[in-house]
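Below are two complexes that have chain A in common, paired first with chain B and then with chain C.
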Partner chain A sequence: MNRAAILWRVASILVAAGLIAAWQLAANLRLVSPVFLPGPDRAWAALVRGFSSGDLAGKLIGTLEHMAYGWLAASIAGIALGALIGSSKMMRAYVAPSLEFLRPLPVSAIIPVAIAMLGLTRGMALFVIAFGAIWPIVLATIHGFAAVEPRLYEVARSLQMSRAAIIGKIALPSALPDILAGMRLSLTVALILSVVCEILAGLDGLGQWVLLSARAFRSADLFAGVILLGATGYLTSIAMSLVEQRLLAWQTAAR
Partner chain B sequence: MSIVAMLDEARAARRQKTLIAFNAATLRLGGKTIIENLDLEVRPGEFLCIVGASGCGKTTALRLAAGLYRPTSGAVTFDGEPITEPRREVAIVFQDYGKALLPWRTAAGNISLALEASRVPARERGARIEALLRKVGLPGHADKYPSEMSGGMQQRLQIARCLAQEPTTLLMDEPFGALDAMTRQGLQDEVLSLTHASQTTVIFVTHDLDEAIYLGDRVVGLLPHPGRIGIELDVDLPRPRDQLATREHPEFLRLRRQLFDFIKATEH
Partner chain C sequence: MSLDRARPLLLPLALTLAFELWARLTHLQSDSLAPPSAILAALAAALADLSIPIATRDTLFAAFAGLAIGSAIGLSLGIAFGISRPLDRLMEVTVEAIRPIPSIALLPIALIALGFGYRMEIVIVAFACVWPMLILTRSAVRSIEPRLMEMSRALRLSAPQRIAKIVIPAALPRIFVAFRLSAGIALIVAVTVEIAINPIGLGAGIMLAQQALRADLMLAYLLWIGVIGYALNILLIAAQRRLFGRAALAGDNP
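== the complex of A and B ==
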């Protein structure tokens, strides 16, 4: 890491520390009633208590599971669908308009439909999460496949590569930067929808924890859940960028 | 008939044999006739150069021979059969080497692509790749990505990948067009020695008249709009060619003059 990067890191830690200090100050001065706003001290204590004597770890695992299953399903289906559409000009011409219609539909509009069809079940939750998280991946994959250098397809033809080999060795790796960017966007979507579905369907997870804490006016527990959600989003996104860096090492090789 | 005469005849017959033939090949693209009634025969082991003004259809003719295009009428044949698709024994060296290499694979990985396509077992690939890299003057660069290599190195890498196909025929489209003069001359000599050793048939497209005469057994000049043959010159210069001696040879200068006048006339 160079000097500038270290400075940025220090600065960002200072900003975070400043925000926490301001939060503590606001709580101490009782700018907001402690029933609604606990200080970071109380939130932290609730977090520790939740893990040591409560069920917070189980809720965290529940949310991580919903997020992971939904996101993985979205990734697999999204890449397959995107590859199918993106690798053929005809498909792009025929299917793209329907996609443009479906894509801007807010997922919240799908939720009642999903509940009506699947009930308040885990299956409904996974469907909604996957449905919401699939779009960034599908669109990124279509874009990545459409942007493959045509010369490379000619190279593949002159080597008489099979269709599977062309997709696996040329199109997918070429589209990978786009696909990973789409998957990163979807990660956040999947987390949000996991929480929403847990709240709606009462599934085991942080969403349910947050909801129950709020109903019981246990604001410290509520904040502990929110902090955990923030940390989940942050850490999964960091993990994703590490994977990206590894898989796309060739992009930075010369620069 | 004496044995000597029979042998002579056999040799003559072999020389007469054609590997790639354009028979009144015509290609229309987007309502425009790009190539019209092209008749051209390439003998096995021959080094044929194609020159012509920009836009006269050199690349298109090469793509017909490659099987990347099919003629609208007439025929293009390889060993007597119509060419319908690219074949592994015919390798294509593209001018834009930057686009023809996989940027996410190292030099070794790019060569490996051709070996994988030919189903060379994984354990044999390493040695083959090393030998090919040595052959094109890139030993020790196996782990470099294309983006870490100079233009000349990238073009060598593309040639190495083509050689990995073990082609009997090489189609080269202005392969050295984007390289500086020194790199260019070095690569010219390497291509000559590589293809001579293996008796590879070459169709070599270039803008550079000197390059065409220096490399070729025969030089064909195309006329534009639509593309057709305007001149055909046999190059009777001794081999191996030599960058200084060949280029000073009176025959070289005569051919150069003749080609130059031809191109001049097509460009009015």
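== the complex of A and C ==
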């Protein structure tokens, strides 16, 4: 980063700080009833209190666990399913159009069906999260497989590689950017579905925390939960970018 | 040709038939599954007694109102940030801090501030629609041919004129792609809010059907929600082709 970029960054942080100060001022002057809008001081105090004495850390871990289990299961199954469909012309012709129908479906609509099958349980939540997170990965994997440079397949054929070797050595590496993009999209879906399932099923997590805080009109606790959810979304997406940079480093070097 | 057309339908048809047969042969009794014929019957009945059309109207009203508000905000911010690099840089940290908040996390805040009903749903949908609109509009405006901007300066167009005559027409195809994405998000968020908490619309309908242990009606709602999502998507893609030709689809990554 050069000096100008650092200066702009500092200025940008100052603007954000100014907006937080304006929020504090609005709360102090009671422009909005404190029942709805706690000041940043109260939200911060609630955050600290939640971590030191309350069970906010436990709730955060709960949400992270739901998200991680569902997302990892979806990633493994999604890449396998996508590779299966993407590597066969016949499967692409017969199965892929049905998947396109699922793409615009609001996945949360599957929640009632999952509740009817599995009840208000943790298994239900994990099923819903995995089900919602799998489609972006499957579709991205199929797309990545279809877009592999055809000459690479010709080379593989002349080397008489097996189908498994073609998938592992040629198709998966060249589809990796698409797959990672799909996994990034799924991460957001997994977070949202975790929160919804926690709200509906009362599972230990931030979703339940914010809902209970809202029901009790404890707005400072509520904002603390929302801030944590924002931080979770932000940090997981940064982590995903780092992984992407790491895994795709060979590609930029090759170009 | 006719075979090529029919091929994508083969798998869903075969699955539906197999499921119907299986349900008939085992005399399926279940709270979560129903044979396709029963699902279609429930769908027809719910369409006829207007419960599904009314729920659809509620959901689409909330989704479109939120979409209109959210994309108007996202569009204006996106144009402002796209034209003025300093403004964009100053707001960077603020935008990056607010954007990752999952829209559904605002649900409890909207609930205590606005109560149940359309208003809280519209606010949440609007929040979700602002971001794709802002980000994509900003990049669309930034990628406008620089000579167009030079020309507008040479012609001494005022800022509003420049936006109306140069920026919006030049960026419009990509802005429409952003709008299409936002419309999909709006429907998803609206249904999700209804399923989670708000007692109106299709999401509430499907939850009620589940609680009444009406598996056929629940799956009919699910099918209908899928059809609505699919139809909305098809409609917007058709509009995009119609308005901007196939060129508009080029910058669209699936």
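In this text, the second predicted complex is superposed on the first by the 239 of 255 C-alpha atoms of A that agree within 3 Å, B and C clash if a C-alpha of one lies under 4 Å from a C-alpha of the other, contacts with A are read in each partner's own complex, and residues count from 1 in each chain.
As a working rule, a residue touches a chain if its C-beta (ideal position, glycine included) is under 8 Å from a C-beta of that chain, and two chains touch if they have at least 3 such contacts.
Since the structure is predicted, the reported quantities are computational estimates derived from the model, not experimental observations.
In the superposition on chain A, see if there is space for chain B and chain C together, and answer fit or clash.
Aligned on chain A, chain B and chain C fit with no clash.
Of chain B and chain C, which one touches more residues of chain A?
C
Looking at the overlay, what does A:V95 touch: chain B (first), chain C (second), both, or neither?
second
State whether A:K169 touches chain B only (first), chain C only (second), both chains, or neither.
First partner only.
Would you check which partner chain A:P106 touches, where first means chain B only, second means chain C only, and both and neither mean what they say?
second
Classify the contacts of A:E149 with the two partner chains as first (chain B alone), second (chain C alone), both, or neither.
Touch partner of A:E149: chain B, not chain C.
Of the partners chain B and chain C, which touch A:L64 in the superposed model: first, second, both, neither?
Neither partner.
Quick test of understanding: once the structures are aligned on A, what is the angle at the Cα centre of chain A formed with chain B and chain C, as a multiple of 10 degrees?
100
What is the contact status of A:L159 with respect to chain B (first) and chain C (second): first, second, both, or neither?
In the superposition, A:L159 touches chain B alone.
Could you state the shortest Cα distance, in Å, between chain B and chain C after the structures are superposed?
Nearest C-alpha pair, chain B versus chain C: 16 Å apart.
Report, in rising order, the residues of chain A that make contact with chain B in one complex and with chain C in the other.
The overlap between the chain B and chain C interfaces on chain A is empty, containing no residue.
If you look only at chain B, which of its residues touch chain A in the complex?
So the residues of chain B in touch with chain A come to 66, 68, 85-88, 90-92, 94, 96, 99-100, 102-105, 113-114, 116-118, 145, 147-148, 165.
Could you please specify the touching residues of chain A with respect to chain C in the complex?
Touch list, chain A to chain C: 8-9, 11-13, 15-16, 19, 35-36, 93-98, 101-113, 115-117, 139, 143, 188, 191-192, 195-196, 199-200, 206, 210-211, 213-214, 217, 219, 222-223, 225-226, 229-231, 233-234, 237.
Can you check the complex and tell me which residues of chain C touch chain A?
Spelled out, the residues of chain C in touch with chain A are 7-12, 31-32, 89-94, 96-98, 100-109, 111-113, 184, 187-188, 191-192, 195-197, 202-203, 206-207, 209-210, 213, 215, 218-219, 221-222, 225-226, 229-230, 232-233, 254.
Quick one: which bits of chain A touch chain B in the complex? Just the residue numbers, please.
So the residues of chain A in touch with chain B come to 149, 151-152, 154-155, 157-161, 165, 169-170, 173-174, 176, 248, 250-251, 253-255.
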